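Same chain, two partners: chain A is paired with chain B first, then with chain C.
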Partner chain A sequence: MAEWIEACAAGDIDEEDVMRFDHAGRTFAVYRSPDDEYFATDGLCTHERVHLADGLVMDDIIECPKHNGRFNYKTGAAKGAPVCVNLKTYPVKVTAGKVLIEIE
Partner chain B sequence: MVIVGAGECGARAAFALREQGYAGPVTLIGAERHLPYERPPLSKDGMAAGTDSIRTIADAARFEAAGIALRLATEVVSIDRATRKVGLGDGTEVPYEKLLLATGARPRILPLAEGSRNCLYLRTHDDAGAIAQRLRPGARIVIVGGGFIGLELAAAARGRDCTVSVHEALPRLLARAVPQDIAVVIANAHRANGVDIHCGVSIAAITDTDHGVLVGMADGAAIAADLCIIGIGAVPNAELADQVGLAVENGIRVDEQLRASDPAIFAAGDCCSFPLPLYDGRRVRLEAWRNAQEQGALAARNMLGADALHDTVPWFWSDQYQLTLQIAGLPDEGARTVRRDLDDGAFLLFHLAADGRLVAASGIGPGNSVARDIRLAEMLIARRASPQAEKLALAEIKLKSLLAA
Partner chain C sequence: MSAADFEMSNRPRRDYSLVGESTRRAIETGLASAEWYHTEVARKTMKELMQRSDAPAIRDTMLWIGLILGSAAGAITFWGTWWCVPFFAVYGVLYGSASDSRWHECGHGTAFKTRWMNDVVYQIASFMLMRNPVVWRWSHARHHTDTIIVGRDAEIAVMRPPDLLRAALAFTGYGDFRHALPALLRQASGRLSDDEKSYIPETEWQRAVVAARWHVAIYVATVAVALYTRSFLPLMLIGLPRIYGSWHMVLTGLLQHIGLADNVIDHRLNSRTVYMNPVSRWIYWNMNYHVEHHMFPMVPYHALPRLHALIKHDLPAPNPSMWHAYKEAWPVLLRQLRYEDFYLKRELPATARPYRHEFHNMAVSAAAE
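Presenting the complex of A and B:
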C-alpha cells in the first residue's frame, strides 16, 4: 500500500541540489530543482549501485558521482552511456514546509 | 561503416552511429570472443568477486536491435586503403566507406618474464579469470609495477587474503599520473592493509620454480612467490595502422577531429594520440574509460561528416579499498597547487598554471566524497577559468558558486 513519508524539511536541500533519504531499508534521492520544485527517485545508480546523492545536479539532470552516468531526475530517464536502465521516480509533495514522498 | 576493436570505444561508436541517425551498414569487429565489456571492474570488484562476472556494455539483443553486425573472435589483419577494405584473419574482406580503428592497448611486456608460466598480465576478461583463479587465500603474490592496475590488484588480492608485495622501479608509486600528496595517501592505505611496498627497486631476474616463481631484485634480494603479476604500463595497438603507412606517434596519430593521416580512417580510445585544445594542442594518449567513450561517440559523428572538435577535459578514477581517487585534467600542466581539505580525510588539489588558470584538479577520499567537487572543477577547467587561489582553498566556498561567477 502506498503511503506518504516525510523525507526532510523543504529548506534542507539547496536549490539545484540533492539529498539522500533512507527509509525502511531502502534508499532514495530527493531533489530540489533550480525552479524550486521537488522530485524523488531511487537512491542508487542503475549502473553500479552508487548513491546518486553524492552526485551533481545540473538543471534537470543528476549526474552519478562514480562514472558520470546521467539521468533526468524528473522522469527517471537514463541519458546515455554508461547508464541504460531508467531510474524509478516517486511522487513528491510539499506540505507545511515538509517534503513528502509517496512510497508503495 | 566499419569499426575495428569491439571494446569500450568501438562499441560506443557503433551505437553512436545509430543515435546520429545513420541507417547504412555498421560492422563491429573484435578479436576477443566476448561481447564488448567494461574493463575497469577487472582489477576492482570484479576481481574481488571472482572469475565469472563480466559486465557487458550491451547484450546481444541490443546490438541486434540497433542493426550492428558484430563479428567477435575475429581479427583484422590488414587494411587496403586504396580499395577501402579490411582483411580478416580467415581471409575474407569487409569493404568500408569510413573506418574507425579502436584497437585499444595491450600490457607492456617485461622481457625478463618471457616464458614464465607464473607471471601474468591483466588486460582482458580472460586474463582476469586466470589471475582470479590463482588469488587463493594465503597465496604469495608479487606485483611488479606501482601503477593503477598493480595497486588495484594489490587491494583485490588483499581482499582475498593473499600475501602481497608491490615493487616499483621509480622512487614512488603512481609517479607518472598522480600528485605526490595523493600517492602518499594511497601508499599508506596499502600499508595499513598489509601490502608490502618497495619503491626504487628494479627487477633483475625472474625464474620459475617448481611451485611458483623467484623474483630477483637489483639490490640482490630474492622473493619467492606463487604468482607474479606485471603491471608496467600499456602499449597502443597501432601495428595495423603502421603497416599501411598511417602516421603513428605514441599510438595512431589523429587530428583534433580524430582523423588519422588518411581522411577515410579515424582512430579513437587507448590506441590513438591526439592534440588537446585545452593545453594548446599538447599531444597525448590517454588510457581512460571516459575518454574511450567520448572519443568513440565523437569519431562516429565525424565519420558521418560532423567535423566536430575533440575538446575535452581528461578524467580518470581509481578505486582502492574504501578510497576513490579522481583526476580531471593533467596535473603536470600546473605550476602550483592549492589544497582544500574536506571531511573524513578527503581532500582536493587544484593545479594552477603560472598565469593562474586552473588546469587540473585531483582528489581522494572515502567513497564518492570528492566526486562532485572534481566534476565542478572539471567545468571550471573546461571554461579556462582562473579562480582565486584563496577561494579554492576554503571548503566553505562552494565550487558551484565559482562556476556562476
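Presenting the complex of A and C:
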C-alpha cells in the first residue's frame, strides 16, 4: 500500500540539484527543478548501479555521474545511450516545508 | 615507492576475453559493476566542477580544425617535395592523436554544453580513429564501469604478461591499425564479435553495423579518388594519418594504466596522473589527470586541473613527467613478463585515506584456484 514518506526539508536541495534519499532498503533521488518544483525517481541509474544523486541536473535532465546516461527526471524517460531503460518516478508533494514521496 | 609481488606458481593466466573464465569470476565475486572508491568532495564544489561550458571546447575545436586545415593545405602545396614532411607531421598528430581526446571527451558528453556539438565532434573523431562510434561508446562505458577488471574491461591496452613488441608497434600506429580496420570491415559485413555483443545492448547492434558501413564507404571513396588521380595524396590525408600520426596518442595513453594494479575498485591503484607539457596537454585534453578523470568522469577536461588541486591530498603523487612515468613503469613491465601478478603500488600521502584492497586480494586468491 502506498504511503507518503518524508524525504527531506524543501530547503535541503538547491534549485537545479538532486539529493539522495534512502528508505526501507531502497534508494531514491529527489530533485528540485530550476522552476522550484520537486520530483523523485529511483536512485540508481538503470544502466549500471550508480547513484544518480551524484550526477548533474541540467534543466529537466539528470545525468548519471558515471557514464553520462541522461534521463528526464520529471517523466523518467531515458534519453539515449548508454541508458535504454526508463527510470521509475514517484509522486511528490511539499507540505509544511517538507518534501514527501509516495512510495508503495 | 613500494611494489607488491605475489607468488605465481600454478596460477592460470589471465583470460582477457569478455565472455570467459575471468568474466565469470569477476561477476561472481562482485568485482564487476562494483561501487568504487572516490575521494570526498563537497556536493556544491563537485556541482561547480561538473558545470558544462561551450566556450573552452569551441575555442579548442576551432584551433584544432584550423590547424588541421592549415597543415593539410601546406602538405598539399608541397606534395612531392620534402617540404611536405613537417606539414604531414603536424597534420598526422592532429588527425591521429588529438582526435582521440576529442572522441573521448565528446563521448562522455562533457566537452561542450550543447549536446549536438558533442555528437558532431564525436562522430568526426570516431571516423578519424577508425573506431565504430556505436561500439566504442559502449566499450568505453564498460571501461568506466570496470576499469582494468580482467574479463570485463574492453579497453585494456597492455595485458599481462605484457606483449612488449606489440606495445612498441603501437607507437608506429600499425599495431592498432591492423586491428581497427579489420574490425570495421567485419562490423560493416554485419558481424559483431562475442566480446562486442557482451557490452553492446542488442537494440544497438544494427546501429553499429550501419555506422561501420558509413566509415567503410568513405574509405572506399578515398581509395577510389586515389586510384582515379593516381596519387597517394588522398590516402595521406584520410586513413593513413591513423598510422603515422597516432604516436602521441600512444605515448600519452599508454601511461594511463600500465604497470599498475588490475582487479581493484580504487582508481588510485590502477590509474596514473602525470604532469605533462602544455602542448601535450592540449593534444590530450588534460587526460593526464587520469585518476581524477576516472573518479569523476563527468568533470569536463578544462576543470580537471582544478579537480586535481582539490583532491591531490588523497592521491599518490603524480609523475612529474612522461619520462619519469615510463622509467617507473618499464621495470614493472619487465618483471610482469615472468610474474604477471606483479604491479606497482604507489605510496599514498599521509593525508590520504587508505587504499581499498579487498576485491584485489579476493580476485588474486581466486585466480590461484
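Operating definition for what follows: the second predicted complex is superposed on the first by the 104 of 104 C-alpha atoms of A that agree within 3 Å, B and C clash if a C-alpha of one lies under 4 Å from a C-alpha of the other, contacts with A are read in each partner's own complex, and residues count from 1 in each chain.
Please note the rule applied: a residue touches a chain if its C-beta (ideal position, glycine included) is under 8 Å from a C-beta of that chain, and two chains touch if they have at least 3 such contacts.
All values reported here derive from a predicted model rather than from experimental measurement.
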item: When chain B and chain C are modelled together on chain A, clash or fit; value: clash
item: Partner chain in contact with A:Arg49 - chain B first, chain C second, else both or neither; value: second
item: Which of chain B and chain C A:Asp12 touches, first, second, both or neither; value: neither
item: Overlap of chain C and chain B interfaces on chain A (superposed complexes); value: 48, 54-56, 63, 65-68, 81-82, 84
item: Chain A residues within the chain C interface of the complex; value: 14, 17, 47-49, 54-56, 58, 63, 65-68, 70, 81-82, 84
item: Chain B-facing residues of chain A, complex; value: 16, 48, 50-51, 54-56, 63, 65-68, 81-82, 84
item: Footprint of chain A on chain C - complex, ascending; value: 33, 35, 43-44, 46-47, 50-52, 107-110, 134, 137-138, 141, 144-145, 201, 203-204, 296-298
item: List of chain B residues in touch with chain A within their complex; value: 12, 15, 38, 45, 57-58, 289-290, 293, 297, 315, 317, 324, 367-369, 371-372, 375-376, 400
